[in-house]
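Two complexes follow with subunit A in common, the first pairing it with subunit B and the second with subunit C.
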Partner chain A sequence: MADLQIDHVTKAFGDTQVLKGISLDIADGEFVSLVGPSGCGKSTLLRIIAGLEGQTSGAIRINGQDVSGIRAADRNLSMVFQSYALYPHLTVAENISVPLKMRQLSASQRLPVIGPFIPGARNRNVEIAAAVKHAAQTLEIDNLLDRKPGQLSGGQRQRVALGRALVREPAAFLLDEPLSNLDAKLRVQTRAEIAELHRRLGATFVYVTHDQVEAMTMSSRIAVMMGGEILQCDAPDEVYNNPLDIRVAEFIGSPKINILPVEASDGALTFDNVVLPTLAPKNLSGPVRIGLRPEALRLAGEDAVLAGQVVHVENLGSEIFAQISLAGHDGRVTLRAAPEQRSSLYIGANVGLAFDGSAALLFGSDGKRIFNPHTVPAQSEVA
Partner chain B sequence: MTRDLWKHLILILGALIVIAPFYMMVSYSFKSPGEIDRGEGGFFGRQEMMVDERCVKLRDPDRDDVAAAAPRFPNQTDSQIRDALVAEAVADCQMRPIAFNYTKAFTEAPLLRYLLNGVIVTASIFLIQIVVALPAAYALAKLKFWGREAVFSLVLFCLLIPVHAIALPLYIMLAKVGLTNTYAALVVPWTISVFGIFLMRQFFMTVPDDLIDAARMDGMGEFAIVWRVMLPTAIPALLAFAIFSVVAHWNDYFWPRIVVTGNRDLFTPPLGLREFKGDGDGSFFGPMMATATVIVTPLIVAFLVAQRRFIEGITLSGMK
Partner chain C sequence: MPVIACAETAQRRTAWWLTAPALGLMVLILLIPVVIAGVLSFTDYSLGNDTFNWVGAKNYDRLFSRSTYEKMFIATFTYVVTVVPLSVGLGLGAALLINSMGRIGDIYKTIYFLPVMATLLAMAIAWEFMLHPSIGMVNRTLEMSCGTILEIIPFLKNGCADRFPLWLGDKDYAIWVICFIGVWQGFGFNMVLYLAGLTGVHRELYHAAEMDGAKSGWERFRLVTWPALGPTTVFVVTISCIRAFQVFDTIEAFWPQGGGPNKSTYVMMFAIFEKGIQQNLIGIGSAITVLFLIFVMFLTLIQRWLVERKVHY
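Up next, the complex of A and B:
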């Protein structure tokens, strides 16, 4: 068990700067998810932590100790690779047992043919077999133990890769999109397994994922990476409710947050000449943007601040997402509505929208978050 | 249609040209000297009883033999006894040509010993070649170090050097350290196979980097990776290399002929063929071809057994 410190790590491949100064402190036992668009450097960061790739500058510390000169094999981390990377010549059981064998058996005990007869090898091998069996049962691959990776489906291979990483108790687990190829049911189940394992072992996890639900449900903190930088690293609801950068706001949340260009002057915000129920700092003026989550919008009659026409409706059963094209704005906004409101959300319907002033997130023209001075009092909503 | 016909005709012609010497070899190994000389008897020869002249000559009875045999032939003159003995010898020395050729192959020269030498030499060469080539190929394919490209260019360059060009310096060096007429002389010059390094490197290039990284995460050092991960995944390529290496060194006549002078205990199978080169008492083509057949048989059997993997290895499609 260990804490991890990533200290101003940069990485350049030739001329391309892939990581631009990443700093992240991960406490012992924390579960940190790395999310970000494809190619933003998540795998590269994980490989640098693992010691498989050298950083251009900066340092990685495990338990306070700088590991720069330490080989990957000696950092005592375990990793699941995005490409599974199973040994093609070994069976599933052998694949899972490799990390245990390499670490718990002596060199002579690992020898082919005579290895098992070296004193002590038998007991160790029995322990290892039991650990492998247990890991396989957890991941529901215990019926595949005798197969070779070539005879498995993508999802099964991924579970074997996961088993190989989880069978040990390393200082920290590095998982690179370990569930990307599982079906929905298995994904939910394995997600729960990993979360359970995390609680049980109290181990440190760094978890790369594209799946926001995974990131939101499993993590202690989510680090949002983009263009080789960490834009924000906070608890899941903090990242969702209080994004510090418009890119974070746009990346987290599905459907995507609605961004509206607004005009700030004198502490008020106007959209298409309508004054919005959100206050702005007094000294702010000029074009800024506000972000509104789909659930922050609601259908409104008289008190509507935005008006538009329904252009597309998605009914998910438990909720409805309606896309509305706003008058005076060429984009669309997404509204989350309750199923009862289906009757008023037909295509072509003219609707009015309102929102609570405090729910709007204000971003400056540079994309950075601007905190509203306070929430707008209820009476000024009738603007 | 006609194009197919032509294609097949040309291929059949090619196959015939390749097979013809083998056909002759096997066929001669079945036939009697007379049939070989006259070029008759088809593939198997007529397999009529023939008399081994040498065997008869060896049993040519002298006076003591005649005296010893006298009790068996009472009331006969010495010359009659002698004729009877010769007739007996001729009867004993009669055999089918095929049996004659193959027994001669094994008795005239210590062919088994030569075969054993062949196995010792080719196996040692192959094993040491692997011990050298696999780590070298791994380093050239997967490790980043300064000068890697230059080293690889050297490997490619060495591929261009014909063995005959360096035979003399090699011989002199071996002679200087007193290694001629030893197994070492037969083995040492071939232990570093640039072809092997090249072939294995090309194969290792196709092994995904993540696999090696996973092995590192699992706690393997670089040598463990070579033997525990790269070697098993490279079996098809290794088999292909094994065939090239074993065939080349099993059949090699040139190098053993140079470094093994005199000491027959070190003869490899091809050197054994020399024992049958025509000396005074007529040609020995039958036994010679029988020896040749015995020598190539292990290779052909090994190829047939490993055929599928071998072709896999050549196309380097062992791994996806």
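Up next, the complex of A and C:
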């Protein structure tokens, strides 16, 4: 178990700057997700932490020790790959035992045929077999130990890959989109299992995913990466409620946050000449944007600030998402409504929308968050 | 039901009709000649004779009792046992090296593959000139080492003091020269097969091996590359064995008059040619052919068995 420190790591492939100075401290026992769209450099960062790729500049420290010159095999990290990368010719038990055999047996003890007869090999092999059995029991795959990976389902293979990672006690676990090859139902189940495993082992996990739901549900902290930078690294609810960048706000949350272009002047915000209930800093003027989560919007009658027409309705049973085309705006906004409101949300219906001024997130023209007079003392207001 | 059954019968009939040309040709040009060779191996038939006598197992008896045929087996197996491991090993080694290179690899690929593309008969003639005892470039090159520090090597020392080997004229060297040319000509082909096999090795497995603590190239080779190349290896070994049993061109080019100095390179293919065609002893030629077929069949069966059992995971 260890803490990880990523210190101004950059990576360039030729002229392409893939990582632009990433810094991130991961505490011992933390579950940090690196989340971002494909091509944002999250997998590259993980591979640099693992040592499978070298950084262009910067340092990786494990337990305070700079590992920059140390090869992957010596960093004492475990990795679960997207493709699972199981050795196809070995059984499940042999697959799980590889990391132990490579580290605990000498080169001569690993030799085929004569290896087991080298002095000391017998006891070590017994220990390894016990460790493999224990790991398999943890993951409930002890009945599969004699099978080969080709005979397993995707979910089972995924567990074997996890087993191979946790059979020795590494400083940290690195997981590279381990759930992306599973079907939707199994993904939800395995998600919970990995989170549970993390709690049980108390080990440091670095988890790469492009799926913000995985990141939200499993992590202690989420690092949202885009364009080779970490835009924000915070606890899931903080990232959701208080995104510091409009790209973070747009990436986290499903359905996507509604972004409206508004005009700021004299501490007030106007959208399509309607004054919004959100306050702006006095000195702010010109075009800015506000972000409204679908659940921040509500249907309104007389007090409506926004008006539009329903163009699409998705009924999920427990809630309804309605897409509304606003007058004076070419995009659509998404509204989350309770099932009881279904009668008023038919396609073509003219509806009015209102929102609580403090729920709107204000972003400057550069996409950075602007804390308006409402949200700065937000905590005290809620309290 | 009757409609379906009828349709099935019709389909089956069509299937037979469609496979009939291929089956017919296979029987005509493969199975019938094999059966005829099998039958003739128990006779004393000669081409042009109207009749023949059954001689029972006499032909086979001769194969296992006469010293000429003992030499034939020794030459054939020496060749197979030398050429197969060397050409497979060198092919694999070259493929691994080329695979680890960038652009320059393509140049080596071409160089190593050139002998495969060349006509072996023409190459044999070129080798004959190079190996000529007095004017050949091999011995000329070796002579250049005389009087230099290289003379501490016993082979060169003896050569300088007395004479360098006759190569093709020396019964101790002839078969090894043939083996050398066989390896030189054959390993490029194995290399190409291995290169194809290597493209199928999953990159991520190497990373997994590294994470698992496989530090040396040898460990990675054992854990990832070699198992992944299993199917390729079975195929390459089988093809190399069959090709090695078939060696003929070089021997025919070097010694058209019969199997090298003291019959030291009298391999099976050449024996078949000499007995069956040159001497018109069809019976004994057929017996060698049948034996040859049994060896090849045996190899193919081993390959089938291995492919199904061991190398597909």
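Everything below uses one rule, namely that the second predicted complex is superposed on the first by the 336 of 383 C-alpha atoms of A that agree within 3 Å, B and C clash if a C-alpha of one lies under 4 Å from a C-alpha of the other, contacts with A are read in each partner's own complex, and residues count from 1 in each chain.
Keep this in mind: a residue touches a chain if its C-beta (ideal position, glycine included) is under 8 Å from a C-beta of that chain, and two chains touch if they have at least 3 such contacts.
Please read all numbers here as calculations on a predicted model, not as lab measurements.
Annotation: superposed three-chain arrangement on subunit A; subunit B versus subunit C shows a clash. Shared-chain residue A:Gly286: touches no atom of subunit B or subunit C. In the superposition on chain A, contact is made by A:Lys148 with subunit C only, not with subunit B.
Of the two partner chains, neither subunit B nor subunit C is touched by A:Gly14.
Stretch 19-27 is the one of subunit B that runs into subunit C, the other listed stretches 19-27, 55-63, 73-81 or 181-189 having no clashing C-alpha atoms. Judged by the document's definition of touching, subunit A residues 47, 50-52, 71-73, 77-79, 81-83, 85-89, 98-99, 102-103, 150, 164 lie at the interface with subunit B and also at the interface with subunit C. Within the complex, the subunit A residues that touch subunit B are 47, 50-52, 71-73, 77-79, 81-90, 98-99, 102-103, 150, 164.
Residues 202, 204-205, 207-215, 219, 223-224, 227-228, 230, 313 of subunit C are the ones touching subunit A in the complex. Of all residues in subunit B, only 208, 210-211, 213-221, 224, 229, 232-233, 235, 319-320 touch subunit A in the complex they form.
Within the complex formed with subunit C, the residues of subunit A that make contact are 47, 50-52, 71-74, 77-79, 81-83, 85-89, 98-99, 102-103, 110, 148-150, 164.
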